[in-house]
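Next come two complexes built around subunit A: one with subunit B, the other with subunit C.
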Partner chain A sequence: MFRGITEKRLLWFLAIIFIVLLIFPSILPRFYTYIIALIFVTSLLAMSLNLVVGYGGMFQFHHGVFYGVGAYTVALMLTKTSLPVWVGFVAGPVMATVTGFLIGWFCVRLTRLYFAMLQISLGSLIWAIAFRWYTLTGGDDGIHGVPMPALLSSQNNSYYFILVILTICLMAMYLIVKSPFGRTLQAIRDNPQRCEAVGINVRRHQLKAIVIATFFAGVAGVLFVVLERSVFPDLLFWVLSLEVFIMCLLGGWFTFAGPILGAAIIVSLRTFVGIYTEYWTLVLGVILILLIFFLPEGVMGYFLGKFRPLAKEVAHRSE
Partner chain B sequence: MDFASLSTQLLVGLSRAMILFIVCAGLSFILGVLRVPNIAHGSLYMIGAFAAYSIFTHLGSSSSGFWLALILAPLVVALVSLVAERALFCHLYQREHLMLLLFTFALMLILDDLVKITWGPEYCSVLAPNILRGSVSMFGASLPRYNLFLLIVGPLVAIFLWLFVNKTKIGKISRAAAVDREMVGAVGINVSWVFAAAFVIGCFLAGLGGALVAPTVSICLGMDHDIIIEAFLIVTIGGLGNIWGALVGSLIFGVTHSFGVLLWPQFAIVFPYAAVVIVLLLRPRGLLKSVW
Partner chain C sequence: MLRVEAVEKSFDDFKAVNGANLVVGKGELVAVIGPNGAGKTTLFNLITGQLKPDEGRITFKGEDIGGLPPYEICKKGIARSFQIVNIFPRLTVFENVQVAVLSQQRKSSELLHPAHNIAVEETEVILESVGLSGKALEVAGSLSHGDQKILEIAIALGNEPELLILDEPTAGMSPEETSATMELIKRLADTRGLTILFCEHDMEVVFSVAQSIMVMHQGRTLVQAEPQEVRRNKEVQEAYLGGE
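Entry: the complex of A and B
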């Protein structure tokens, strides 16, 4: 019964946050709206990675590739073809999913570090092609000034668009995590041998998880283009992938909302530390080391760990 | 495509492979003993190149300056890695594997910015000594002398590594630690120091690679990002932790890249990656036996 009340409270809390976020663009300066929208996009990417890393226990080290493929697809569709805009918006995630399936199909044959290495090599192959194919992708420079439909032309409108899509994606992810499939995935993470023994097709579940996660990464890529109107090869580079990985760990990779927190921390750090010093990666590195030494469960994990005993106690008393 | 350009290109590829081999051997050695892919390896390579530049210019850009830089720069890198290892890394050995990996990433972020602070964003260059400048005519092709020099250094390093790993006590201990670290601890060897030695030796090799590559490229920020990904792939296709695998992988990588330059210059960078993918599809666990 107690549980029911807290969940209701949580829903109210989320509704209030959503409303506050809806009001933001009208009260905040343009720059802050932009930063918040960027945090939305990045947190969607980090959440999608967490489906594989946190819930699936796989070393998905080159998740940025799928984000980049989604972004490049939509940017190319909008600049090089005259197809309707929504086709591009759908094609982005679809291409990311196809890439995810192909790369994942090879990767799930391997485990842990080999999985990571194979993924990095396949992802780097895509990066190298995008980096070098000047006539199609603009190579080093990327593509700038991607035309957007009139509806998304103002920054506030693209903010709302991103917020709505993010909300839908988060709901979908929550349902996936709580579904039997999500539970199975977590069981595989904790003990693959036993799952194999009780007749679960481990590889197929892992591949499914990768495909789902890459779909959301592709959505994040599309939203990135909506926000920035440009793409560049750094989106496909492995440094970005590791940064996203760190967001998951920073926020807490065993919690659902942790990656959002991690993305918010890293994006705002980069923005606001970047104002004062150009050595922001130094700051990030130091924070990371502090984190490894003192908060291995991540920020969210730490707070949940602090409050969980309390919640358990309360639940115990109310019985 | 005539014979001359083919042999020149082959030489360039092979000498590139030698640099890659020296860097990857270090990476592979650390991977074998500590079981950690050292992401900071590229940064240490970059520090090696920048340190070589500083030593070289301090000594009046002379030939002897180059030789001294070649000896001192890797030692500087080894010192940096020793400090990082003893101050921070050694406290993490009991922790989860992923944390070690993340630590090396944090180290990379920190070292990169320290390099930026110390040396600035400018391009730097080192001149090879007189004896290694210019090129030699052989079979109608002109072969750059410095690349020939690299072709001699690479196998020398390989022989020294072989002697070190197979003939010295610490080499044998580190090989044992790679196979069964509990057992090594149980027979009374301080595993923490074995790990420290392995880490420092691996980083020394990264620094040596950086110092050796200095005269052939313009030294700049960002050279670490390119080499580390190549090094990872080479180590993977060679078999994780296998030093000879690193040699085989480097040869594949260097030679496919140089032939890529001949066949399709624009996409030369794609050839080695494609080769890696093919190798991994045929032999997912690498060409040679991995220590894992």
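Entry: the complex of A and C
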């Protein structure tokens, strides 16, 4: 399935990383395992956003909503109903996708900033429901102590579960990006007018991309509940959406794996700088300013750009 | 094949196209000429759906296409290039054309097969025929202006159109590039049996290749006829050729 689109060496490299990540919980302290799992969940969210932002060129400014809808759905299903656990796990992404379709259906009719504004408005409506409807969502308290099946009860097991789901999702996203659908999506990002002229229904294609991205955001929401066992309205607040957007820019939104790097940087900053000062966002602000001036293509974009000429040269020499 | 009848289009109070008529027969090479601001590009935008006509009829193979969205019109067999370079700058040359071929083959939404081995042959044939195979892997945004204009045509060919519309295909080109491009257009018309409608500034070019010429002036069609006849036409001489 992946033949021809990835180099053999890269596959070996990824396999080694995967094995190292499998070993981590047994050698690292509990706290670090937790942070890495949180990075996994956030990475998936950032990667899903990048499908529409980096590959689709759409101003998806309120992606957190779909993450929150996924998380709330699974939390509500597991606390308020006696349906089997897997139903809740499936319902999370499904609800996120339905929400994505509804919001996306309106948004793709607008362009750029208007798209962004409409999405923030519609998304904030959903946030307001989570924030205010005490009897259902617990309002600003959120829902805590979501019961998990025995299999996921230990932190190490949820770590493994999250890692496996993340890996599957990343593989699926990689296939999507490299598929005709993904290539056409990038063409739309570059030039929607020209795409219409070559026979592509741009709006429909964009809507499909949003639906796919929100599905993965929903999966990330479910994984968040697996890790934290709680949900709260901040998950769908626009501040979180902005943070995820920054992860894409920071990591490199024109690269596939950039958002993972962005998520790792921001989660680490929040955790480790957050220990010393409440004002960790100040550090983030400074980093962003430096980023805009020195690395407009993001960290990953910068390094790929630096090494690409080198790789070309090596390939040339070996011919 | 294509018939434009009494088409009008205004922007606010300005009548950009005000009574345009055009007939393009199968296999013909038809040119539209006229001074700057005569409404040539607007007319093309009306035909390919970027704009909707206010009045008049546009039919393609007997079917009314006026006001359809661009992607529908494209699927009916009309493809176009643009006057101002309109490509996918971040994609490679190969991918630029492939996007059009994928759309033509109705594979744009396919999700689970890698794109790099779909529609490869068709894309390579097109790049070969316009002479861009050597640059297939370059990023389109880094090509020279002349090559980008050729890529414009190549993208349009990706749709395997019956009617190819070229909006000033040689705009901004050097004289050498211009004649090479016109050669290319003639060759495409011959070998692929394409019907081509184009507009052009360079009079010499137009009179040497076109079988039929439509002259526009202030949004209106003055005449459509064979080159010799257009040259003799009094009205055209006054309005455009300046009594040459």
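Annotations for the structure displayed:
We adopt the following convention: the second predicted complex is superposed on the first by the 311 of 319 C-alpha atoms of A that agree within 3 Å, B and C clash if a C-alpha of one lies under 4 Å from a C-alpha of the other, contacts with A are read in each partner's own complex, and residues count from 1 in each chain.
As a convention for this text, a contact is a pair of C-beta atoms (placed from the backbone, for glycine too) under 8 Å apart; a residue touches a chain by one contact, two chains touch by 3 or more.
Remember, predicted model here, so these are calculated numbers, not experimental data.
With subunit A as the common reference for superposition, the partners subunit B and subunit C occupy compatible, non-clashing space.
Of the two partner chains, subunit B is the only one touched by A:Pro296; subunit C is not.
After the superposition on chain A, the angle subunit B-subunit A-subunit C between C-alpha centres rounds to 80°, nearest 10. In the superposition on chain A, contact of A:Leu288 is made with subunit B only, not with subunit C. Contacts of A:Leu118 after superposition: subunit B is touched, whereas subunit C is not reached.
Using the contact criterion defined above for the overlaid structures, shared-chain residue A:Trp238 touches subunit B, although it does not reach subunit C.
Applying the stated contact rule after C-alpha superposition, one finds that A:Cys169 touches neither subunit B nor subunit C. Within the superposed three-chain model, A:Ala128 lies in touch with subunit B and out of touch with subunit C [touch as defined at top].
With both structures placed on the common chain, the touch criterion links A:Ile200 to subunit C but leaves subunit B unconnected.
In the superposed model, A:Leu249 makes contact with subunit B only, not with subunit C. Superposition on chain A places subunit B within reach of subunit C only down to 15 Å, the least C-alpha distance between them. Counting contacts by the rule stated earlier, no residue of subunit A appears in both its interface with subunit B and its interface with subunit C.
If you check the complex, the residues on subunit C that touch subunit A are 48-50, 69-71, 74-75, 79-80, 82, 86-91, 95-96, 98-100, 102-104, 107-119, 155-156, 158-159.
Listed in rising order, the residues of subunit A touching subunit C in the complex are 1-2, 4-5, 175-176, 178-184, 186-187, 189-191, 193-202, 205, 208, 254.
Those residues of subunit B whose C-beta lies close enough to touch subunit A in the complex are 37, 39, 88, 91-92, 95-96, 98-99, 102-103, 105-110, 112-114, 116-117, 225, 229, 232-233, 235-236, 240, 266-267, 269-270, 273-274, 276-277, 280-281, 284-285, 292.
Against subunit B, the residues of subunit A that register as touching in their complex are 106, 109-110, 113-114, 117-118, 120-122, 124-125, 128-129, 131-134, 237-239, 242, 246, 249, 278-279, 281-282, 284-286, 288-289, 292-293, 296.
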